[in-house]
Structures are given as structure tokens and as C-alpha cells.
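So, here's a batch of structures to check.
Okay, so chain A shows up in both of these, paired with chain B first and chain C after.
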Partner chain A sequence: MTTRTFIKESKEMMRDGRIRIAFIIVILLLGAAVWISMRQYQNVNARYEAAKAAEREVWDNQGKKNPHSAAHYGTYAFKPKYPLSLVDQGVDKYTGTSIFLEAHNRNEAQFSAAADQTGLARFGDLTPDFVLLFMIPLLIILLGYNSFTKEREMGTLTLLKSQGISYWKWIWGKWTALFLPILLITSVLFLVASIVLSNLQDFGVFKWESLFALFAIYIVYYIIISNLVLLISAKAKKSGISLVISLCVWIIACLAAPKVASNFAEDRYPFPTRQEFAASVLKDKKAGLDGHNPWSKESKLLEKKVLEEYGVDSLHQLPFNFDGYRMQKGEEHEAEIYLKHYNHLKDQYIQQSKVYRNLAFLSPYLPTRFLSMAVAQTDYATHWDFADAAEDYRIATQKFLNNNFAQNSEYGNWSYQADAAFYKQLPNFEYDPPELNVILNRNSSNLMVMGVWLLGSFGLLFFIPKNL
Partner chain B sequence: MFSYNFKYELKLLFRSRWIQLLSLILLLLFGFSTFNGKQKVEKRKSVIAMAHDEVRENDTKMLKLLDSLQRGMEVSASPWTLPTRPMAVGNYYPRVAAMEPQPMAFVSTGQADLFTHFVKPTATANDFAMNFTEMTSPVQLLFGSFDLAFVIVYLLPLLIIAFSYNVLSAEKESGTLRLLAAQPISIPNWVLQKLGLRFFWMAVLVIVALTIVLLIMGIDILAEGKLYLVLLAMVLGYMLFWFVLAFLVNLWIGSSAKNAVAMLGLWVLFVLMVPSVLNQLGNTIYPMPSRTLMINEMRELKAEVTKKQDEILDNYLRDHPEYAINDTTQKRSFWHRYMASQHLIKRELEPVVNTYEEQLKKQQRLVGRLKWVSPALTMQESLNKLAGTSTSDYESFRAQVVTFAETWREHFMPFLYNNQEFSSQDYSNLPKFQLTQQSFSPAVAFWPLLLISLGLLSLGLLLSKKGHQKFNLISS
Partner chain C sequence: MITTNNLTKMYGDFTALNNFTLTIGQGAIYCLLGANGAGKTTTINLLLNFISPTSGTASINGLDVVKNPIKTKAFLTYIPENLMLYSSLTAVENLDYFSGIAGKKLTVSSLKGFLEEAGLQTDAFDKRIGAFSKGMRQKVGIAIALAKDTKVLLLDEPTSGLDPKASNEFGLLLQKLKEKGVATLMATHDLFRAKEVATHIGIMKDGTLRQQFVANDISLSKLEKEYLNTMDYKELVL
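So, the complex of A and B:
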């Protein structure tokens, strides 16, 4: 019975002109989206490589100069694009791509793509994740809204009942008929993605298991949507009503819920404004040691402590340049202040994530969106990871420079210049994004929410509409 | 026939609880979104007020310090932060360059969550590295805000679709179409009247609900009477467009479900597809040059400039003989060299930096020309303009801030190069930032929307009259 229902439904779908058109549209959209994303990925990464190399060259060739001047001149950390952004662009557009690493200051990532675009960018982009998250659920609705209602409308329900059909088998047949084309289209997309990805030059960053994880996430998402659509179709009295209800669910889940969630999150756990943040950092900085200010109370304290430690009575007798030493201590103090303030920011972000998770019962879209971005390494957590790595590198660089200053010159000698070759010894900035199992661990609650949706929607579909 | 239709339609809408349900939904949607919008505006206002307060406080401190210094008293601040030094005033006592919210800012978040609403440019600030983006979670930027514009642009058409997709097909499906055909009115006329009435009732509900919500939220619609009417006119124009679409779909397409699919297809096309395709088009035709490569260029220039600081200073002073003319000491410090180098860097980088704003303007013009393809896009853009949160509003703010930063910097140059001390008499001459708002022609969206709608309507009526038999509604 299941197979017969399946065959009949599939035939009907294939013969329906609207469905053929919808399928063609979705495939065309996906094709265009993949092509655009691929080009963008290649462009961005070519520029990234060029910028990284050029920046390093500028650093290496800065010539003889005081290490602290070099520290102020600073260097840049650039954020690469990861291969799976081909599938999901996530928040990449809204996060900055380059961080200026200089003495005394932790800077935010600058130059987000969205800031350089028109207001149109806020409507969304033609990317695979747009098709995967918004359009394919619409396609499922289009395929399935009249799955049960049409039996009622065409009067075939009575015939079916006289067949002594098992309710479960019947639903199962309808379910497979609805889901198979979706599975097919998703598989094709991921197949194309895997072919494109395996032809990439920096193939090493790309991991097959991440692509499979993404595939699984979307499949579960579509199963949930299919269940909901069939449930609505089984409960509704007319096709038109079924369609309208399904669409309401789609709008609430995909459009309204994320916006409502973002308003709640911002209201309850607001980020400081850029100016507020800078002001509170500055306040803390003023209260502590400033490497450039030898007259402050904290500097005098440090002086006393160091003199006692080395058992000498003047800074000139120290085996190193105290200016450099103070500079490094000041740097360490400032790094601590930044850590504190950025940790506060991170707390707000973690609390916000919880708000999104709590509202996920309204919408299977939310956990899917977050999981997909996370696995594709285009989410906010990855950005934090990158920014933290850049900050660690900045602190290490300052230490490298200040130590050279302290050890190779004597107190008061600000005209000291380190050799040109010295700057070439600074290690490169390397950043590896988190591995898949770390990402999945971090997102375990999102996985759980999706699991609940999956089981819950199956339960509803198979146990509720017995009154057909 | 019309009066009969009018009475019957009203009764029908009431008894099917459509009017009650719709009023409730509209009140809820308008209420929640206006609340969100208002909250954002208030936060924006308080942040700017705080910034002004801070400047006032610092200024008082500065004046006290200046006073003590002029009387030759000892002060406890570090020597390089003393406000007698012009560069210390320029760097440690900046002015606020703020963008106050417009009266209708609550309508649309627009780009307001992406950009900051005030900056304090210092004398040494790099114009091109000035950060105008706000510290927002990118997840929030991705999802966007549930504002009034979202309700109007995205959700209102869906309510209209739900309200009108089966006006004719329901009659057919319940078998009453034959009765209707026996009445002395043509079917297209009848559908037109029926949808016209529904448009009328929905318009009444929207106006009433919106007015109630705004009054409850404490928004003074009388004071902003003109802008409020503009908002209503735009909303009505946009609603009219969707009703006209509903009319055409009702006439030409068959069953209720097919109508709904067709209307939704149009919704997806206008609201989701056209904007993203146009955005892609803009980016492809006028691509933004890479920011990372701009950084490279800037860095190389800086490295070069630092090596030749003395030479640059000499050249600079040769170009600006007015500076340093009254200076007898001819003392040259770090700042003299630094500011001259900055000046050079700025001049060299200006063309590179300007390409970004120029490309953005070109993209903006392209959107302006093509936005009529999608009424949703037209509507969003116009609402952003009305709220003062559109891309061009922020672009103009940025440009004005950069000009102000220049004024601010130049204000201190004679002091610096004349080695002249800053004194409390000079305080009142410090430049202040004054934002000039962009001129906004409010009715800009209404007339084209009306025109498009009426054009479509007459086209529909013409075609339906011509091929009246072709529709043959009863037999199909």
C-alpha cells in the first residue's frame, strides 16, 4: 500500500506543470547561487592571499627602527573565507575582515562587506543558504499542501476508506512521495558543492565530514518541514486553507521568529555602543600602568619593586632597559583590561544565543540556521575565535618587540634601533578554525532542539490526525 | 447593485469574523513593531545625550585646567595632556558629531543598526580609517529588526493575499457563481467592486489601528502631521498595488489554491527575489574594490612617509607659509612632523578612499533606477528615507563628519606651527558640528505606486472586457 501510494503521488507530481516549473526555478536559483558564491570565494581568497603577503613584506622590510615604533606601526591580521561558505555565508557579510594589531590597543575587526553595500543588501543575498533555508521549505509546501485535502476535495477519500487502507502506511506513502524529490534536489546541490570544493586550491582546509554534517542538518530540517506540511494538510478542510496555514507557519518560522528573537535578545542583553565601550576601556586604562608615562604612581611603584628585586639602587644599574620593561608591563596590564571588557561582550553574546535557543521552539529555522553557520565556519563564534587568536598574536608580538628593546639597550636610550633582520624573525600569524567535533559540542543544545523538533513532528504526524 | 454589494460584503466580513481577526492582528503587529522601533530611537537619543554630557563635563575640566595654568599654578596632569598644548585639545577634547534621529525614525530601522550615530573625530584621526560601524552582534544584523517597515513591506501583502485570494474562486467552489452570473453585473465588475470594498475596509482598519498604536505609544502624530499623512499615503499606495494584483489573479487564474500559489509566487518574486538579484547586479556592475588591498596601499605609503618625515615637513611648510609665520622659536616637535605626514598621506589616499563612496553612490543610483521593478523595494527605500535611516542618509552623515574632522584638524594647525599656546579665550572659537539633513521629497513613493497600480488595473479591465467569453467562468 505504501509503495502504491508513493507511485501514485509521484506520478501526479511529475505531471503537474506548476511543480515542474517550481522545480526548475529552484534548480536555476541554486545554480546561480552556487556560481556566485564560488566566484566570490575565489575573489576574496585571492585578495586575502595578496593582502597577507603584502602586509608581511611591508613588515619585514621596515628597516632599522626602534622596536616600539614598529609596535605602533603594527601589523594586520586578515580573515580568510572558509570553503564551506560556498554553502552557507552566515554572518560573514556583517563581520569585519581585517584587524589592526598595534601597541596598547585591541582593535575591532574592520570593513564589513555590508557597510560597503546599499540598503538592498539587507533584503538578503542570492546565496545557497538563502535557497536552502527559505526556498526549499516553500517548495515543500507547494508540493505537499494538498496531499490529503485533495483526496477530500476529489471525493477519493471515501474510495480509499473502502479499500481498508492502513492509516500509517498511507501516510508513510505520502511522506516518501513528498520527501524523495526534496532529498534528490538537496543531494544534487551537495554533490555539486562537493565537486566544486574538491577542485579548490586550498583543499586542505575543507573537510568532508563537515560537508556531510551540513547535508544531514538540512535533511533533518526538511523532514521537519515535510512533517508539518503533511500534518496541516491532514487537519485542514480545504486545500486553500491548508496552503494559507502552511505559509503562515513558514512566515512565522523563517521571517518573523528570527526578527522577534533578535529584538528580544537586543533588548535583554544589549551590546554597548562603540563609544561606550571605548570610554569604559579608557577609564580602566587610566587607572593602571601606562608604559609611556614614567611619572605616574603605578610607574613609580613598579620601579621600586624592580629595584628591590634586583637589589640595585638606580634604573641604570639594571641588566636591561627599564623603559622596555615598563612598556611590556603596561602592555600586559592593557591586555588584561581588554580581556575583561571583551569577556563582558562575549557574555552578552552568549546570553543572546540563549535567547535565540529559547525561541527555537517557535521555529525549526533557528536551530538549523545556527548549526549550518557553525559547521560552515561562518558564524559569530568562529569570528570570536579568530578575533581572540589575533589578540593572542598581538600580545605575543608586543612581548617579542618589548623584550628586544629591554634586552638590547640601556635605560633612557630611546634612540636604540633594532636591526632590519630582527623584524623578519617575528612568527607569522596562523589561525586554524575549530574542528567539526568542537563545533558540534558547542552547539549541542541546538542539536538537541532539532532532535526534539524531529521526533515531535513525527509524533504529531503519526498520532494526531486519526479523524480523517 | 453597488449598495447591495456594500451591505452584503460588510455583513459577510463581520460574520466570518474577518474584520475582528484582522483588527486584532494589525493592532498586535503594529503595536509590537512600533514598540521596538521606539525603543531603538530612545536608546539612540540617550546615547547621543550622554556623549554631549561627557563633552560638557570634560570641557569644564579643561577650562579649569586652563585657568589654573594661566595663573601659573601647578597642575597634576601629565605634561602632554595639558590643554595649553593645541594638539592635546585636538585629541583629548573632541567634539561630538552626532546624527539625531528624525521624527519618523521609529518607522524603519534601515541601516541604523549597522552604523553608529555619533563619532568624536580627533585631530589625529585618519579620515579613511574612521570607524562608522556600530558594535552590534552580526547575528542581529543578519536577522534584522521587527520594525514597522517589516510589517508593512513583508506582512501586509500577505494579509492582503489571505484576504483576497479566493474572492471569485470561492463562489465557484461553493456553486454560487451561477447565481451570481444571473445578476445584472459583469463578473469582472463584480470582482472589482468586491475587492474595492475589501480594500476600503482594510484601509480603514490599517489607518485606525496605526493611529491607535501611535497614540498609545506616545508618538505625537499631530506635530508630525504631514509626515504621518505621507506614511499613510505610501501604505495605501502599496496596499492598492497588492489588491490590484489580487484582482488580476482572481480573474485569470482558477481555483482558490492555484490563486494562492500564484499570489505567493508574486510575493516571493517582489519581496525576496528581485531585491537580492538587484543587489547582486549592483555588486557585479559596480564592484567594491577590496578593502584589504586598500589597507596594503595605506601601509606602504605610511612606511614610506615615516622614513622621509623631515623632508615632508619642509615641503609642507613651504606650501603653507601662513603657518609658522608668527613663530620666532622655530621649534619643531613630534607633532609638527606627524601632522605634516598625515596631511600628505591623506592627500595621497584620498582618490583611493573616494572610490568606495563613489562606487556606493553608483550602486545606489542603479537601485534608484531599477527599484520600480519591485514595489516592495520601492516601499522599503521610501520608508527608510522617511525614517532618515537610508544608505544615503548615513553616507551624507559620513561625508559631513569627514569635512568636520578636517575643519577640526585645520583649526589647530596655526596654533601648532606658530608654537602658540591654547588659552581659555580660544575656547569659544572651537568649531562645532552641525548636521544638515538631506532634503526628502515625501510623496516620492506614493505617486509611482498609484500609477503602477492604476496601470495594471486598467490593463486588467481592458483585457478582461476584450476576451470576456474566453474566461467563460461558469463552464470551467
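So, the complex of A and C:
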């Protein structure tokens, strides 16, 4: 009976002109979105490679120079575009693509794609994740809103009931007929994505298991949406009512719930404004050692401590250049300040994420969105990881430069210049994004919420409509 | 075989069916006559287990319809006043689906054979039901009964709205099913058709079976007179 109902429903769908048109529209949108994303991905990564190489060349060829001048001269950490951003671009557009690494300051990522766009960008981009998260659920609604109500309206339900149908098998047949076309579309999209990705330079971070995980996340999302749409159709008296309720659920789940969750989280755990943040950092920095100011109280205390430690009377008697040493200690103090303030930001972000996760029970869209961005490595957590790695690299770079200054010159000798070859010894910035198992562990609550949605929606679908 | 024993259905204080007792054997066609609200459709709905009886029992082929809702339906075919089928599917596809969910696996040629036996024109087999007249849809309904090898046929006003030719064809189909041993219960207002096709006729009023006749023992005019008297339309009796 399940197979026969599946075949019957599929024939009815294929013969419905509206559904054929909707299918064509969604497939065209998906094709266009993948093509646009692929072009964007190729362009961004080509620019990334070029910028990375050019910046390293500039660093390597800066010539003889005082190491602290080189520290102020700075360099850049570039954020690569990860292969799965082809499917979900997440928050990449807003988080910036490069971080300027210099002495004394931790800078935020800059040159975001959003900043380069005009006001028209407010209308949004056509991306695969837009089609996957918003358009395909709409297609599910279009395919399934009248799945049960049409039986009532056409009068076929009476005939079916008189045939002694098994409700479970009947519902299962309808469910299969609704879900299989969606599975087909999604599979085609991911197949195309896998072909495209396997032909692109992958920067060593593309993992097939991540693509499969992403596919599985969307499939679970569509199963939940299909269950909800069929449940509404089974309980509604008329197709029109079923359609309106389904669309309302879509609006609440996909449009309203994320904004409510975002506003609620922001309200409960607000981020400081940029000015407040800068003022707090400056205040704390001033309260500690400034590597450039040998006359401050903190510098004098450091001087006294070092002289005592080495048992000498003068800074000139030290086996290293105290200016370089103080510069490094100043960096370490500033790094601590930045760590403290960025950890506060991170705590706020973690708290906001917890609020999001708790509100994920409101809508299956929320856990899907978080998981999708996380697996695609385009979420804020990945950006934080990248920013932290860049900061670690900045601190290590400052140490590398200050140590050279301290070890190879005498106190007061600001005219010291390190060899041009020295700068080439600085290791490249390498960043490995978190592995899939780490990502899934971080998102265990989102996985759990999706599991609850999946089981709950199946339970409701198969137990509630028994009295059709 | 259809059997009811003191079958009663009440909605609050209102008695829709009162102690209805009846047996329809193999090859019998029982026509239930009565005005709207007499309890004809309630009887059919109880036999289909669409509603539960307040008291009494109903059984199909010896199986209680309440205790064996799926098994009893395997024996029967129900054709309502307006038989609605899937409009975007063809006659063959509809027949395939409905016989299929009843557990029959039939080839296209045998499906067409049943449609032909039910009197549907050959050129309509592969046409979508959406364009079918009521009479054509009723024929597909009969084809479902034939394909299912049904033992019991429940008909609720099947000839209402049919033109005389279609109504006559439908009557002939019932005769064909009768010869196959199908027990038929038909609720109708159509005295003429009842007299034509029935082996037994019952007249219902206010949920009670008031009179029963063997169809061959009563003339159409006598049946009409008895019907009008039962309905208290004495001023209409000629």
C-alpha cells in the first residue's frame, strides 16, 4: 500500500503544472546560486592566494631594519574561504577577510565583503544556503499542503476509508512521495557541489565527511519540515487553511524565530560598542607596562627587578638590550589585556549562542542554520578560532622580533638593524580550522535539538492523524 | 453476507437508527427506501464502521465490523452517491490504486478487462477521471468491486442524478454482480430502480425498518402506495 500510494501521489504531483513550474524555479535558483557561489569562491581564493604571496614577499624583502620598526610595519593574516562556503556562506560576508598584525595592538578582521557592497546588498544574495534553508521548505509546503486535505475535498477519503486502509502505511506512502523529490533535488545539489569541489584547489581543508555531514543536516531539516507540513494537512479541514497555516509556520520558523532569538540574545548578553571596547582596553593598557615608555613607574619597577635578578648595577651591564626586553614585556602585558577583553567578548558570544541554542526548540531552522554554518566553517566560532590563531601568531611574531632586538644589540642602541635574511626566518601564518568531530562536539546541543524535532515530528505525524 | 442485529445509533436523545435487524445473503440485493433522515445512510456508515453503534452488532461475512474493521472492509466495496476518484489519474490508474490497496496485484490488461466488464467505453480507459460523467465514475466503482472480487456491495443513492440510460446500465451491472453471489445493500429514493434490481425491499422511517417485501411479490404501484402510506403522504396515494 505504501508503494502504491507513493506511485499515485507522485503521478498526481508530476501532472500538476504548478508543481512542475515550482520545481523548475527551485532547480534554476539552485543552479544559479551554485554557479554564483563557485565564481565567488574561485575569485576570492585567487585573491587570497595572491594577497598572501604578495604580503609575504613584502615582508621577506623589507631589507635591513630595526626589528621593532618591522613590528610596527606589520603584516597580515589572511582568512581563506573554505570549500564548503560554496554551500553555506554563513557570516563570512560580515566577518572580514584579513587581520593586520602589528606591535602593541590586536586588530579586528577587516575588508568584509559586505563593506564592499552597495545598499542594494540589503536585498540579500542568491546563495545555495538561501535556497536550501528558505526555498526548499517552501517547495515542501507547495508539494504537501494538500496531501491529506485534497482527499477530504475530492471525496476520495471516504472511498479510501471504505477500503480498509492502514493509516500508517498510507501516511508513509504520502510521506515518501513528498520527501523523495526533495531528497532528489538536495542530492543533485550536493553532487554538483562535490564535483565542483573536487575540481577546485582545496587548500587542504576540504573533507568529504564534512560534505556528507552537511548533506545529512539538510536532509534531517527537510524530513522535519515534511512531517510538519503533512501533520498540518492531516489536521486542517481545507487545503486553503492548510496552506495558510504551513506558510505561517514557515514565516515563524524561518524568518521570525531567528530574529527573535537574535534580539533576545543581544538584549540579554550585549556586546560593548566599539568605542566602549577601545576605551576599556586603553584604560587597562595604561595601567600596565608600556614598552615604549622607559620613564613610567612600571618600567622602572621592571628595570629594578631585572637588575636585581642579574646582580648588576646598570642596564648597560645586562647581557641583552633592555630596550628590546622591555618592549617584549610590554607586548606580553598588552597581549594579556587583549586576551582579557576578547575573552569577555567571547564569553558574551558563548552566552548569546547558548540563548540561541535554548531557543532552537522554537524552530528547526535555528539548529540547522547553526550546524550548517559550523560544518561549512563559516560561523562565528570558526572566525573566533581564526582571530585567536592570528593573535597567537602576532604575539609569536613580536617575540621573534623583540628577542632579536634584545639579543643582538646593546641597551640604548636604537640604530640596530637586523639583517634582511632574518625576516625570512619568520614562519608563515598557518591556520587549521577545527576538525568535523570538534565542530560536532561543539554543536552537540544543536544536534540534540534536531533529534528532538525529528522524533517529535514523526511522533506527531504518525499518532495524531489516526482519526482522519 | 450482511447481518445486523438490533443495530442502534443515537446522537444524544436523537435516535438515528433503532433496533435495525437484517440479513442479506449471497446474491441478494436489498434496497432500503426512505425519506432523507430515515436512517439509510446511518446503516451504511455503521456497516462501514465509519461511526460506532450505540448498541447492537453489524457483521460482514460473519465478522463483526467494529472488532474487525480492516478485515471486513476487505470483503466489501462502497459506492457513495457521488463516487469521487483521483481526477488527475486515468480510469486504469484509479482502478489499479484502489484494487492495489485492497491487496490485488493486477496487470493492465486485467484492469482493462474489469473496466470493460463494468461497461466503461474502451476509449475512456486511459483518460483522466476529471473528464468523466457521474455514470462513468460509477462504472469505475463497479470495476473496483469486480477487481476486488467483492462479497458485499454497499450503495448509497448510486443512481441519483444519473440519466435513465446510465441508471439502467447501472441496474444491469448490479444484476451481473448478483449472479456472482455479491450481497448488495442499496439505499435509494428511486422506487422504480429498486423494484427493477432488488430481491428484497425495505422501507425505513425515523430510524426504524417499517416494512419489508420480497421484490417479486409486490408490484411497482403497490410498492409506491406502501411507501407513501409509510411516509404518511396519504393525500398523495392515488
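As a convention for this text, the second predicted complex is superposed on the first by the 466 of 468 C-alpha atoms of A that agree within 3 Å, B and C clash if a C-alpha of one lies under 4 Å from a C-alpha of the other, contacts with A are read in each partner's own complex, and residues count from 1 in each chain.
Operating definition for what follows: a residue touches a chain if its C-beta (ideal position, glycine included) is under 8 Å from a C-beta of that chain, and two chains touch if they have at least 3 such contacts.
Keep in mind it's a predicted model, so treat the numbers as computed, not measured.
When the two complexes are overlaid, the chain among chain B and chain C that reaches more residues of chain A is B.
Once the two complexes are overlaid on the shared chain, A:D16 sits against chain C while remaining clear of chain B.
Of the two partner chains, neither chain B nor chain C is touched by A:D419.
By the document's definition of touching, neither partner reaches A:D392: not chain B, not chain C. Looking at the shared chain after the overlay, A:L243 reaches chain B, while chain C stays out of its contact range.
In the overlay built on the shared chain, the residue A:G155 is in contact with chain C alone; chain B does not reach it. Once chain A of one complex is fitted onto chain A of the other, the partner contacts of A:S166 are limited to chain C, with no touch recorded for chain B. In the superposition on chain A, A:D347 contacts neither chain B nor chain C. Of all residues in chain B, only 32, 36, 39, 43, 47, 50-51, 54, 78, 110-111, 114-116, 118-120, 129, 131-146, 150, 154-155, 158, 162, 165-166, 169, 255-261, 264, 268, 271-272, 275-280, 282-283, 288, 290-293, 295-296, 299-300, 302-303, 306-307, 356, 360, 363-364, 367, 377, 380-381, 384, 390-391 touch chain A in the complex they form. Considering their complex, residues 48, 50, 69-74, 76-78, 80, 82-89, 93, 96-98, 100-102, 154 of chain C touch chain A.
Across the complex, chain C is touched by residues 1, 4-5, 7-8, 11-12, 15-16, 154-156, 158-166, 170 of chain A. Contact residues of chain A toward chain B in the complex are 18, 36, 47-48, 50-51, 54-55, 58, 61-63, 69, 73, 76, 78, 90-91, 93-98, 108, 110-126, 130, 134-135, 138, 142, 145-146, 238-240, 243-244, 247, 251, 255-256, 258-263, 265-267, 270-277, 279, 293, 295-296, 345, 348-349, 352-353, 356, 379-380, 383.
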